[in-house]
Amino acid sequence: MDKAFIIDKDRKQRLGFEEVIYGASKSTALLSELLEDYSEKNKNVLITKLQQEKAIVLLNVYRTAFYDDESGIFMLYPINKIENHNAKVGIVSAGSSDIGVANEAYYTLEYMGVKSHVIHDVGVAGLHRLLSKIELLKTFDILIIVAGFEGALPTVVGGLLPQPIIAVPTSVGYGSAKHGETALHAMLTSCANGITVVNIDNGYGAAMSAFRMLKLVENQ
Amino acid sequence: MDKAFIIDKDRKQRLGFEEVIYGASKSTALLSELLEDYSEKNKNVLITKLQQEKAIVLLNVYRTAFYDDESGIFMLYPINKIENHNAKVGIVSAGSSDIGVANEAYYTLEYMGVKSHVIHDVGVAGLHRLLSKIELLKTFDILIIVAGFEGALPTVVGGLLPQPIIAVPTSVGYGSAKHGETALHAMLTSCANGITVVNIDNGYGAAMSAFRMLKLVENQ
Amino acid sequence: MDKAFIIDKDRKQRLGFEEVIYGASKSTALLSELLEDYSEKNKNVLITKLQQEKAIVLLNVYRTAFYDDESGIFMLYPINKIENHNAKVGIVSAGSSDIGVANEAYYTLEYMGVKSHVIHDVGVAGLHRLLSKIELLKTFDILIIVAGFEGALPTVVGGLLPQPIIAVPTSVGYGSAKHGETALHAMLTSCANGITVVNIDNGYGAAMSAFRMLKLVENQ
Amino acid sequence: MDKAFIIDKDRKQRLGFEEVIYGASKSTALLSELLEDYSEKNKNVLITKLQQEKAIVLLNVYRTAFYDDESGIFMLYPINKIENHNAKVGIVSAGSSDIGVANEAYYTLEYMGVKSHVIHDVGVAGLHRLLSKIELLKTFDILIIVAGFEGALPTVVGGLLPQPIIAVPTSVGYGSAKHGETALHAMLTSCANGITVVNIDNGYGAAMSAFRMLKLVENQ
Amino acid sequence: MDKAFIIDKDRKQRLGFEEVIYGASKSTALLSELLEDYSEKNKNVLITKLQQEKAIVLLNVYRTAFYDDESGIFMLYPINKIENHNAKVGIVSAGSSDIGVANEAYYTLEYMGVKSHVIHDVGVAGLHRLLSKIELLKTFDILIIVAGFEGALPTVVGGLLPQPIIAVPTSVGYGSAKHGETALHAMLTSCANGITVVNIDNGYGAAMSAFRMLKLVENQ
Amino acid sequence: MDKAFIIDKDRKQRLGFEEVIYGASKSTALLSELLEDYSEKNKNVLITKLQQEKAIVLLNVYRTAFYDDESGIFMLYPINKIENHNAKVGIVSAGSSDIGVANEAYYTLEYMGVKSHVIHDVGVAGLHRLLSKIELLKTFDILIIVAGFEGALPTVVGGLLPQPIIAVPTSVGYGSAKHGETALHAMLTSCANGITVVNIDNGYGAAMSAFRMLKLVENQ
Amino acid sequence: MDKAFIIDKDRKQRLGFEEVIYGASKSTALLSELLEDYSEKNKNVLITKLQQEKAIVLLNVYRTAFYDDESGIFMLYPINKIENHNAKVGIVSAGSSDIGVANEAYYTLEYMGVKSHVIHDVGVAGLHRLLSKIELLKTFDILIIVAGFEGALPTVVGGLLPQPIIAVPTSVGYGSAKHGETALHAMLTSCANGITVVNIDNGYGAAMSAFRMLKLVENQ
Amino acid sequence: MDKAFIIDKDRKQRLGFEEVIYGASKSTALLSELLEDYSEKNKNVLITKLQQEKAIVLLNVYRTAFYDDESGIFMLYPINKIENHNAKVGIVSAGSSDIGVANEAYYTLEYMGVKSHVIHDVGVAGLHRLLSKIELLKTFDILIIVAGFEGALPTVVGGLLPQPIIAVPTSVGYGSAKHGETALHAMLTSCANGITVVNIDNGYGAAMSAFRMLKLVENQ
């Protein structure tokens, strides 16, 4: 059998970003092997959805690496904070239970060199909390809206604001929440116009979608 | 084989209301037989979800009967409008496509002797339309909230108002709306507190639930 | 990133009750932070579906707090029993396996200042047990009916008694019980009239719905 | 290509009954061909779930054939009523909408030479109607219980009576009834003991199961 | 709150058998309480689907109790083997992975005083193994057929033998086996005639159904 | 009852576009009433998913209106073609069966004043057809990718090109295509980065999402 | 907009066969256009799942074309029967209701120049019918097994015979048959070894899979 | 009760291969018993999906046995590598997370005496990686394509290459990946021609299907 992975060498040139590693289904051994490759080349790499027990093993070897245990985001080298300009992406979460997914979007954008701002806990059952943030939300180019349970937040925001909106359903909830399926389908069938949706808990995908849009703006 | 139905004679005494007939799966022949029974006893009866082609046949026989073709509600005798007091139940619909289900609730309440008021098309994607109706909504004892697509309206109303809220998902929408399942599950997993839910398109059930609550108030 | 939560300050005024915290998806760290806020303000708070291992940590800090390990209900301060009047809400469970959900309703009502009474193990496969309790059930303003497996109990009670009935499906059962989905859908499609339903295992939601109804009665 | 069917010649000897034809998915042409085979051999045959438009064509050719349009049962030759003994099988339906499925069981048993008795409309939302029939139900060897919507009837009967109970879910209902799936799963997860279940709307299968049981009794 | 359970006192008289306890969702504390009740009355009781860790605790207290760890069956007192007559029920399993469910049926029948015989590993992918057992299978009054994966065994047996057949789908398999749902639906839609089905992994229910049938035979 | 609809008057100001009408679930009567309102104000309006039989009635009244029978798009007044600049949005379909959904996106963009270009039938089972179009695809700001069956096209395009990609699953296919659900879920779980998804058959939503992105570009 | 289709010109060279047209979702207009293209080039083409009403229109224009109304197979020019050698593929159907799917496989193979033989109605509920055909089945290189309802036939055949087996689930059945999903999943989770499966009702796909295998044999 | 298993003695003669044991649902005790039987007869045996904790126990007894912990494959005796001829089967995986399933196919083929070659990580989101392997892929008789997430790889390969293709969906992914269901259904509804599919994660089944095809080739 051949080696279990092939690095996608010209992805950066083709798409403007490097390959990213989905960590959840890979063994620690395979991940170590991959990290060694990147480390030798002095290249940074992003791993998503890395479980804590595997992160502990890897952090023991790569001691300068970064790991966020709410989201499972791992980077071989931490990113210097981007301070000198305004956040382009607003990440809005419906409840504080959605923090892991919001963080996944936040750190992915950081890794891509995009500054973002997270606004927590503005779910639609307390509408005034959302309404008090509308002026702030208007300042972002793109909105990533993270919500579990019934997933109504992107619909309400989408009816109030004109920016591109990327809705991220989360698996927060129980029973009829169906591990995020209800929020997913609610967002897909939103009566607000022009909302797009990514997979359940996919903060990473939302960030990459925002990145594609920002690239479009830059290229103008 | 025996006769295909048995009238539940003491339901009125037990529950405070008469039996109601589910029309969708019964043949015109069987329905005619049932209506004859009621007609002979000079008793009114409510049939729900009656298809138009069957209604036409029955209306031909029972010429004074009432039929609403948006909802499929049929009554042997029409009800006199209740004018002398305020509406106790507010029926709120998210979109004008939900009219059939809202009407089913409205006419069922009318049949039960309860005055209600229908407010259409205040879906959450145009929040200001809802907000402009809040003062009106505060005047009702009970709110029946009817919504299809992502079914977010009861969540938003439930976060704003303290009354009992009966959420009715409708089968309006396509694809991920799943014939009303998405709205149903979204309402059940609402992050607003104390919302109860009835079956998809079940305007009748929402009205009966409101009736039970109003009976409770009357009995105090 | 901002703080992960925003207390909904005027909810009490708007809805008549304080915010409640869903404990299942929040880290112990976040919950501690939240409790500190409430503790400093000398305000009580209710946490639902708190797992035992997290409760142990929190109880170690907040030693006067209350925790029920059948339901996962946690309160910062225990509630004084309400003794001087009759129970307004009857909580009826189909089987002794439903005890956790029944308790969630019971303690939520206690927290809201409403006295309730729990009647266990009157499932419809032993009808006489239910029938022997009918006179008692008639004394309550509202009935919360908790059932897993096939979830038939609310249908039978709904055909016998005229009060508002809030049906709570539970995830008790296996195979075709589908973690409560079968009971949920059976309750939604009940042939009894005017039954409303809350999410699977949502004893808390049922209690809040009862609270809304009792508020309506009080306001008359 | 060979002929599209092969008659199972020794089924009678093996199983005690002849082959039966599922009519719903066969073309009128194929059914005509099959009937001709049986007609030539002067053998009776049962066709199930035959649609009305196909029945009309076949009845035009086989003018003495029997067709019941509620159930779609077709027999090449009608059966003489069995009058001289008591009914061995009680067929109990929850609502008058279940008549088609009840009839399918009834006529299948008639075809197999077994006398049965149909009791309609004793659904659990009007419990007294059921309780008033209990003495009658005790007289049957076997009970076939037919119910749509939430499908609670077999559970209640199974808790009251000791006979073998064959539960038949029907596709009557809408929304959460899911074309009979809810009733099916409710019956499978019944908290009553020893209830067995057949496919949705499968009155035929229930009758054949009863036939197998009665054969067992006869062989003692 | 009242006591969490009520013993169904006259079930034996009504149905011919005592109540049985579903062990999976009950706490060890509640089960201990229940067992104490039975123990004090010197009555035996059957607990189903009892997890090993809870069984260990209970066996420590009730040292003469019986527990089968393949099926999770627990009895307060073991049953004396029935030796003096032939087995009335044949329990046939498709694969050796189905042993837990077959045992559940076996021990339940033993508890009910019915002798049965288990035949393992005669799945339809090795048809000759089944065919070599046909003469043996003919000797039983009733057949309980246990199968996971595609669940084809009851169909093949049902086409070969005339007895009552109770099909039990098991959760053995992965992927498209869907935790037993595929076997369940395959059995329900079997092209063999008159097969009845119980819930996934419900060996207990199959045994109780067989018991009802044998009672019928005895009563003739 | 009030009028069944309320025009969202300031949506243009808030979001940059007017309200659009979902035609599928509205009666011809209600649609006529709505069109009259718009016609009187000399305002154009877009109706989506309008069935042919209803369109015929409306076209009879509004004779200058535009209707596309592949997509069900209806506009009160046709739009003048935009000729003087390049298409900003590329609409790519996997197969010629997806034409209706591609047209829905095309005409919606036309209505919004955005020029687009449709490229049909470049599904991944004939990869060379897609590869021969890559240079053309690079010229668009945004790509809308429409695909039914297994929905693989957005994944392949997303791995080759850096623009924002809006994936639209269609209900084309049978069996395991599940009316578009398989394509939907495949797109959501794409291994390509940063693809966003809209509801099944929702060409309209994809166009509106593209519109939001183009607005963002314009505002820079 | 460009033309709605692009003929895949070098597919024959790449894969050894021409493109085939899925007819179900294409308008008669589009199909006419496609056929004209092929007709002008004097090339034959296969259309699958063509509805009868569309076939009638096309047959009126292309009077020498072939159409089979059981399967919906349409060919621009009929194929000369292949008589001079033995059938390489055996197509086995469980019931005569599966004829349409069996025909789809048969005519596709005919179009590809492969002779096949159809054996109908050997479902596993009448095992002797299957067993009597085993010697015949041994003579084929490849077996295509077509079955609806519980889909058990491929499992039984796969346990008896060593050839490659392509299982085709059909949508024949009702209720728990779930439009072919149960048969599909049963075949995928078959306890027989090395069975492969195609989509529900996909006789065409089964034939193409057989064609790939026969090509492999030829190339040796 | 009889012994829990019966070895299928003449399977080798009938089908050309020995029985294989599904390890996931069997207890270590039962597996030990089975291995003892094989060991005594000096016969090798293959166990699939054996969990690590059970493997450790068995390896302790059968010290020369082989176990691969990525796939859970266990063989009583390891197989000598086949070196002297080219690989007949190409096993292609979309991502390095699919390694376990690819290994299951690889070792099963090895056990069957068939040489194969594994090519990892050529998913369609990096198309050039796949295209660079096309010449290599052309050298194999049969292709087994393993993919999780959206499962698009078999479709793309199937459009490029003419060999028999066996698609294996894997449970790699989250949310909309639905534990492999999305990949499964995507493969079944592939727009590429003649692809066959096996159960989710069923590398073993794919290998056995390839074995049947290779047998066919050998027999020519």
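All chains are identified by letter, namely A, B, C, D, E, F, G and H, in their written order; residue positions are counted from 1 within each chain.
Assume a contact is a pair of C-beta atoms (placed from the backbone, for glycine too) under 8 Å apart; a residue touches a chain by one contact, two chains touch by 3 or more.
If you want to know which protein each chain is, UniProt gives these names: A, B, C, D, E, F, G, H = Nickel pincer cofactor biosynthesis protein LarB.
Predicted model, so just to flag it, every value in this text is computed and none were measured.
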- Chain-contact steps, minimal, separating subunit E from subunit A: 2
- Item | Chain pair equivalent in interface to D-G, over half of contacts matched, among E-H, F-H or A-B | E-H
- Message: Using mean CA coordinates as chain centres, what's the gap between subunit B and subunit F in Å?
- Response: 35
- Query: Just how far, in Å, is the C-alpha centre of subunit G from the one of subunit A?
  - Reply: 45
- Indicate the whole-number Å distance between the mean C-alpha point of subunit D and the mean C-alpha point of subunit E. 27
- Item | Junction residues of subunit G - those touching two or more other chains | 95, 126, 159-160, 174-177, 184, 188-189, 193, 199-200, 202
- Query: Touching pairs of chains, which are they?
  - Reply: A-B, A-C, A-F, A-H, B-C, B-D, B-F, C-D, C-E, D-E, D-G, E-G, E-H, F-G, F-H, G-H
- Once bound in the complex, which stretches of subunit A touch subunit C? 70, 95-97, 99, 102-103, 106, 117-122, 126, 128-129, 148, 172, 174-177
- Note on the structure: In their shared complex, subunit G is touched by residues of subunit H numbered 14-17, 20, 141-142, 159-166, 184, 188-189, 193-200, 202, 205, 207-213, 215-217, 220
- Where on subunit B does subunit D make contact in their complex? 1-6, 8, 10-11, 19, 22, 24-27, 30, 49, 169, 171, 179-180, 184, 199-202
- Task: Using the touch definition up top, name the residues of subunit E that touch subunit G in the complex.
- Result: 94-95, 123-127, 149-152, 155-156, 158-160, 173-178, 181-193
